[in-house]
Amino acid sequence: QSDARIHDIYHAVPPQNVRAGAFILSNVAPYFPAGTVHCVVIDPGVGTDRRAIAVEADDQYFVGPDNGVLVPPARELSDNNEIEVYNVPYDDETESNTFHGRDVFAPAAASIAEGGDFRDNPIDDYVDLNIDFYGAEFDGSTARAEVVYVDRFGNVITDLEGGKVLERADYGDVIHVNRSHLPFEDTYARVPEGKPLCTVGSHGNFEVSVNQGSGSKALSLEAGDEVEIEIE
Amino acid sequence: QSDARIHDIYHAVPPQNVRAGAFILSNVAPYFPAGTVHCVVIDPGVGTDRRAIAVEADDQYFVGPDNGVLVPPARELSDNNEIEVYNVPYDDETESNTFHGRDVFAPAAASIAEGGDFRDNPIDDYVDLNIDFYGAEFDGSTARAEVVYVDRFGNVITDLEGGKVLERADYGDVIHVNRSHLPFEDTYARVPEGKPLCTVGSHGNFEVSVNQGSGSKALSLEAGDEVEIEIE
Amino acid sequence: QSDARIHDIYHAVPPQNVRAGAFILSNVAPYFPAGTVHCVVIDPGVGTDRRAIAVEADDQYFVGPDNGVLVPPARELSDNNEIEVYNVPYDDETESNTFHGRDVFAPAAASIAEGGDFRDNPIDDYVDLNIDFYGAEFDGSTARAEVVYVDRFGNVITDLEGGKVLERADYGDVIHVNRSHLPFEDTYARVPEGKPLCTVGSHGNFEVSVNQGSGSKALSLEAGDEVEIEIE
């Protein structure tokens, strides 16, 4: 029996949402120790000719599909943004076409965890979606951001870095978010229960929330939606 | 690498519901061994001046917010209802304001699990909601109870102790629950599939259920609702 | 402290759905090592006179209710379809009537995992639903199948073996499924996002799916529904 310790991180990534999966994993990976192997199954292209890959960064490893989901978390771990990517060959005659999590990624991750070699086929033409979870910028008093992810509480996480808001506004100010005027507060409970606010979330992103409620419902915002943030 | 063993108990507590969380933890904690450290993140007041606390009872430990959620499970473990509560200091300049589960409670729980000292700052002015999960009483033939929790099957768990019902009724009798006349049975399958009943659940509470269905839907009962129970 | 390693397989079986639970467990069990004890709590008859049983097959063990859920996964493991079934006695005066997962099955599973004896009471009159997850057959060009299970992505898994379809159709053909004409493809991404298809899933069953969507919603199919499959 292996000594490997297995932890389920999360089974509630919106199905097939590569961007949400990359965001969650980017936030979680830095808290895992050296030697961790992350097996990632967000794989809308399973069974096509997309490759399986293993990514190495800062002594952690990621195994999954070559669809871009592994690149942001690996870059997050890397001091200099450099990552090593390897092709993971598999026999598409013997494996299922619809569940490589079971048939390709998990066995490859187990092999790496046990010290198996995986560095035979380095590649540099891996899929890179160039996702920037903090990419939105202000143009004058207005920033156009995108919703990266809605967490299970309904907090709306945008790709506007909280620091850029804090350069222009103080907690206690009002910020225009789409057509709403929202108090900008340092945490949820600064507004009454059920009331909306905006804040800087635990990932460092500008977020739209409702105290003990759902910012997503209150402002009708879903992953991928545009958000206009205006600070007067 | 630590030898600590990590178990996820439950991620489906209704968000921010301190009472439901306290109920679930009260039921679960007695089945864990001495030395267990429970890290509890039901924390609507995160980032305000509410304290972080560690609670010790019967050689188990609870770490979480000082909002009342840790007190009932700790009392459940304690022979004499006495518990020890300690303040867990943290630096609110360096930690996030919105995710103390990650930044404060988990590190403190890990430290306690590794034998770290946490008893420097005993307090006795901790938040005590005086929750009594068996507090409802009969007045004559009628009891007014409250719904403590609706589990994922839809079973409606009230704060009326099952024993108080069994003093007044036998299995097979009919009990009036709000406007419904429900058979009182010792288990779900005593009534046809889809039919409502009332019973004494596995926590010892009086429950309203539907065989292979949802008592919550059938009687429109949610956590916090009042329930009138009448035994003729 | 025990050296047993505990893994939660799945908490999202549709409540009380013995057939779905048996299907999931049949697919998962072969990936677990010898000595594994599976504790199974899909138990609509809890607290009635249905028995608790332990099943042994190919050096794995299953503990749960005698309602048929344990038999298909045990047979799946057995080379010759033979399984050994034992009654697990319990005291119905001291245990709850509504949560044998906690009070009967888990303690029995723990005892077996620690090497405890459980073979005192062999039985052969256990409940056998004779579930065949690949039981549908073609009659001429048409097969009448049943939906075994809808997974969390919305893939509709039928009891028609994929191999029987592949004898009559090639990937790229069109297959009539109820009133829909669906492309038969080797994986989801062969059709545009949001479009329906049929395929042979990772369990070897004929499935109805939507690329990055829900086959269940698109064709209004739920577990237990009949599906007519016609290959011209």
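Going by the order they are written in, the chains are A, B and C; count residues from 1 in each one.
As a working rule, a contact is a pair of C-beta atoms (placed from the backbone, for glycine too) under 8 Å apart; a residue touches a chain by one contact, two chains touch by 3 or more.
Remember, predicted model here, so these are calculated numbers, not experimental data.
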>> Please tell me whether the contact surfaces of subunit B and subunit C are same or different in residue numbering, using the over-half criterion.
In response: different
> Quick one: how far do you have to rotate subunit A to sit on subunit C, C-alpha fit, nearest 5 degrees?
Replying inline: 120
> Just how far, in Å, is the C-alpha centre of subunit C from the one of subunit B?
Replying inline: 32
>> Quick check on subunit A: which residues sit in contact with 2+ other chains?
In response: 8
> Mind pulling up the subunit A residues that touch subunit C in the complex?
Replying inline: 1, 6, 8, 15-16, 44-48, 96-99, 102-103
> Across the complex, what residues on subunit A touch subunit B?
Replying inline: 7-8, 31, 33, 152-153, 186-190, 199-202, 207, 211-212
